[in-house]
Amino acid sequence: MAAIRANEEFCIGCRLCEVACMAQHSACKDLVKALRPGRPRPLPGTVVEWEGHRSVSISCRHCEDAPCVTACLTGAMHHREDGRVEVDREQCVGCWTCVLVCPYGAIRRGEDGHVASKCDFCPGRERPACVEACPNRALTLEVEA
Amino acid sequence: MRALHHVIIGNSAAAIGAVESIRAHSPRDQITVISEEGEHCYSRPLISELLAGHVTLERMRYRGPAFYEERGVKAILGRRVVALDRDVKAVTLDDGGYVPYDRLLLATGSEPVIPSIDGLEGPGVHTFNSLADALALAKAAAGARRAVVVGGGLIGMKAAEALHHLGLRVTVVELAARILSSAFDQAAGRIMAERAAVAGVEIVTDNAAAAVQRRLGQVTGLALVDGSELPADLLVLAVGVRPRAGLAREAGLEVDRGILVDERMATSDGSIFAAGDVAQGPEMITGTRRVLPLWPIAHRQGRAAGMAMVGEPSGYAGGVSMNSITLFGLPAMSAGLLAPEPGDLELLAAGPDAGHYRKVIMREDRLVGALAVGQVDRFGILTGLLVDGRPCGFLRDRFSEPLTVLGLPPQARAERLRV
Amino acid sequence: MTTYTPLRSYLPPRFRVYRDDARCIRCRACETQCSFGAQRYDEEDDLLLADDGQCVGCHRCEALCPTRALRIEPNPSAYRENANWTSRDIRNLNRQAETGGVLLSGMGNDRPYPIYWDHLLLDASQVTNPSIDPLREPMELRTYLGSKPDRLEFADGRLATALEPQLMLEMPVMFSAISYGAINLNVCKALAMAASQMGIRWNTGEGGLHEDLYRYGQSAIVQVASGRFGVHLDYLETASAIEIKIGQGAKPGIGGHLPGEKVNEAVSATRMIPVGSDALSPAPQHDIYSIEDLRLLIFALKEATRYTKPVSVKIAAVHNCAAIASGIARAGADIIAIDGFRGGTGAAPTMIRDNVGIPIEFALAAVDSRLREEGIRNRVSLVVGGGIRCSADVVKAIALGADACYLATAALIAIGCTLCQQCPTGKCAWGIATNDPLLARRINPEVAAERLVNLLTGWEMEIKEMLGGMGINAIESLRGNRLRLRAIGLTDRELDILGVLPAGQ
C-alpha cells in the first residue's frame, strides 16, 4: 500500500499541504472559494508541527494494525476496501478514544465536538493533495516497487 | 488439519474481536457465538448516549447488520450458558441445548455490583450496564423529576450526565473522596466534579447509600449512611462492576477477581480462553495480571484470543489502563498509573484556565502514567510512549503541552516517521 | 548627559506589497516564508498585513501564495525624474548618511553597461556547408580542459606523447565558484549532484569542502584562494582539479567577504575559522607577489598532488588581462579562468562591484588573441564566466575563443534566486544565500539538482541546435572560430578588439 513519507529535513513550514487538504475536502474544490474567510472549513488531515526551526507535516499512517480501529467504541473507525482507515462520520460519536490511542497524534477532535477528523488519503485522487502541493518534496509518495 | 469449532460465550467487544481475528486467519473453522442478550452486537459504552437521546438504536450496532452471516458465524442469541463440561468439551444452554467446542472463549463480560441495602425491590431502581438497562431507564426517566445516581465512576457519571440532559435534577453519591477514581486522580476528579456542579449536577462524596425509601411502592428517596436523605423518584445503581466469572469458577478454572489468563488469553485449560471484562490478564506497567474493564482493551484481548485459538501468535504483550471521557463538555484522558508509587516522579501542570490540568508519572526514565483534562489534543503520543516503555526523560520539560512527533527523541521520532 | 536616538531614515519603501483580499485565504504561507519580516498575521482581525518597509522584492511570498493573491511591485512613489541623480543614487546616499558604512551588495553588477553578447550574432548554414540535424546525427559537445602539447607523436598507431592531466566535460559548461558559507550545504549538494549527473564540474569556491561533499570530489574543482580557507591535503587530493583564485569578476582587487552572521559551526569547521568571525580574504594572495611566485604555487600544488590534476588560475577581467594571462600560461597553469565584471558574489562593496573590471567579452577576445599570437594558446584552456545567461552566450563565448563557460548566477536563478541582492544579510528567503537552518531547508538538493539538470539538458540541446545550424558537429570546431560571429552596433575599435566582422561583411 502506498504511503506518504514526511521528510522533516525539507519541510519549510509553509502549510500549503494543509491548504490543499482543506480545499480537496471542501464541497467546492476551488481554493479561493472553498477557503474564503468566514466560511466553515474542514480540519486538514495533515498538520504541520513545529520544534524550533524544524517542522514536518503529520498525517494518519493508515496502519494495517491500526490502534484506533481496535479502540473505536462504535465501529465508526474502520478499514476501507482499499486498506485505508476511514471514519464513518454518521457513526462517530466523538468519544475520542481514537485520539487517546493514536501514537502519531494524527487524529483531531472535530470542532463540532463530534466527529474524529483525520487523513482519508484522498480517495479518487491519483496522488494525495498534500503531496502534490508540497513545494519542496517534504511530502512524497512511497509506492511499492 | 481439520476445521476447528470455536465457541464464544459473549457478544460484545472481546467476542467480536475474536470472531474477526479467527475469520481473518481461518476461512474454514466454525464459529458459534452464544449470548444471553438477544441483540446484534452493540457498543456498550454508547448506552449513555442512547439514554440521553443522542443516538438511535440503529447507531448502537457495533458492526454491520450482516456481520454474522458474512463471516459464517452461527449466532445463538438470547440464550444463557448454564454449564461448562471441560472433559467432554461442551457447554449446556438454558433451553437444554448442547454445544460442543474445540476451543472456547469466555467473553462473558462484567455484571453490576448491587449494594446490599434495603428497599431495592420494586420499580424505580435501575442498573446501567446493558442496552436493556438503558431502554428501561429511558422509559422511567420520562416520568421522573429527581434522580440519584449511586456511584460516581465512569458509568455513574455518564448516566448522571444523560439524565441531566433529559431534564431531571440529578445528584451523584460517591463512596470515595473523589469521583472517577478508577480513571482519574484527585485533582482531575475535582475539576470534573466542579464542572458537573456548575452544570447543575450535585455531587456528594465520602458518602454511601444506606436504604431506599419508598411510599406505596414508589421510590421517594435515598437514605445515606451519614443519616442525610436525598429525595428522588428514580435511582440508578452504578457502584461498580465485577467479572462474570461464575461459569469458570464452577468449572474449576483458575479465577482470581477475573479469569486468570496469560498473554495468549489462555486460561488454566489449554482449550479455553478468556478476554474482555471477565479476564484478568497481563498489565504492562505493574507486570501483574489485572482486570481491565475497558472497551479498547477488551477488543484487543478478543483479537489476541482469536489468534491463539487458531494457533497464531498475536504479538499481544498486555494492556494498560486507558480512558477517554467527555463530561459536560470537558474532555479528559488518562493512561497507565494514576498515582505515583514510592520512587516515582510525578509532574503536574495546571492552567491557564481552571479546567486545564496535565500530569505525567515517570519511573526512572520510563513513562508509567499520563493524564490530561481539557487540553487532550494528540494525547495518543503520550499513550504510545507509555506503551513503548522506552526512555522518556525529555518529557520532564515537555509534558504540560501537547506533544509533537518532532519533539520526540531521535529514535522514537524516526520510528514514527518511517514509512 | 544627552542621549541621542538613532538617525531616522528618510527613505520610502523600495517595494509595495499588494494583496487581493478577495483571493487571500489567510493561509499565512507568506508570513512563514518571508524572512525579512514584511508579512504579519493579525489574529484579532483575521487579516494578513504587510510592512512594505521590510520588503526586499525577493518574490518568495508571491511565488508560494496558493491563490496568487500577492503582487510585489517597485514602489511607485518615486522621486522626481532625474537622469543624473536617479532613485538608486538617492537611496545609496541616504543609506550611507544613516550608517556611515560601505555600501554592500549581493550578486553581480546590475548597472546598464552594454552587454556585448547581445551585439554578437551567430552564423547559420544556407546553401553550401549544409546544417546538421542534431536529432538525427551525432554531435560532439564533449571537451577537454587542460594543457595540450605543442605536437603529437605516434608510435605503432598509438599516441606516444604524454598528455598533461585533462578534465573531460560532457558539455562546455561548469558551475563556477560559489563558496560554502555564502551558500549553504544543500545548494552545494545540488550543484555537485547536477554536475556529476551531467558529466561536468562544480567549483567549491573559497569555502573549503564540507565533509558531506567529499563523495562528489571527483566532479569538484577545489579553490585555493587568498584566505586559504579549508585548504589541506585531503581537500586537494579529493578533487579533480585545483583552482588558484587570484581574483573574481565581482570585486577585482579585493578578496572574498563572508559576513560573520553567516559563519556558523559547520562553516567554521570547514573554513577552519572561528564561529561568527567575518571571513575576509586578503586582497592579494600574500605569497604571490610576482608571476614567479605564482609559478611556485602552481608547481607546489602539482607536486602535492603528484601531477595528476590540472591546476587552474582564476583572474578577474581587468585592463591588462591579456598580458596577465600570458604570464599565467607560461607559469605552468593548465587552465585560465577569467571572470568578467558581471560576475556574482555573496557580498561585495557596491562601488567595486559596479565600477571595477571589464566585460568578459573583451577580456576573452583579448586573451585568446594574445595567446594565439604568442603561439602558446594550446598551453591552457580558457574558461570564462561573469553573466553567462543562456546557451547562446555559451556558443558565442566559444566562438570568441573560450574552451568552456563558468555558470553561477544562472544556476542560482534556476533554483529560485530572484536577484534581490540581499545575500550579505544571510536571510535569503529562497534558502540559497543563507546558513540559517530554518531557511536553508528550503533548498531540497534533489529538487534543486533536478532543476539544474533540466537547465543544462535544455542548454545542451540548444547548443547542438545552434552548432548544427552552422554546419558544425563538434564543439572543438567552433572554438575561436570568430568568423562564425558577426557584430551589430559596435564601433570599429570594438570590432577590432573582438576580432569580429560587422554584420553585412
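Order as written gives the chain letters A, B and C; numbering starts at 1 within each chain.
Here is the rule we go by: contacts are C-beta pairs under 8 Å (C-beta built on N, C-alpha and C of every residue); 3 or more make two chains touch, one makes a residue touch a chain.
These numbers were taken from a predicted model, which means no experiment stands behind them.
Most remote chain with respect to chain C, judged by CA-atom centres, is B.
The central chain of the assembly on a C-alpha centroid basis is A. Remark: chain A and chain B have CA centroids separated by 29 Å (rounded to whole angstrom). If each chain is reduced to the centroid of its CA atoms, chain B and chain C end up 69 Å from each other. For this pair, chain A with chain C, the centres built from the Cα atoms lie 43 Å apart. Counting only residues that touch two or more partner chains, chain C has none. Taken residue by residue, chain A touches two or more other chains at 54, whereas all remaining positions touch fewer. Those residues of chain C that touch chain A in the shared complex are 22-29, 32-33, 46, 64, 66-67, 431, 436-438, 441-442, 444, 446-447. Those residues of chain B lying in contact with chain A across their complex are 17, 43, 45-46, 49, 54-55, 59, 61-63, 295-296, 299-300, 303, 322-326, 329, 331, 333, 335, 376-381, 383-385, 387, 402-407, 413, 416-417, 419.
Residues of chain A touching chain C in their complex: 9-16, 18-20, 31-32, 35-37, 53-54, 133, 135-138.
Chain A contributes residues 3-6, 8, 49-51, 54-56, 58, 67, 70-75, 90-91, 93-105, 107-109, 113, 142 to its touches with chain B in the complex.
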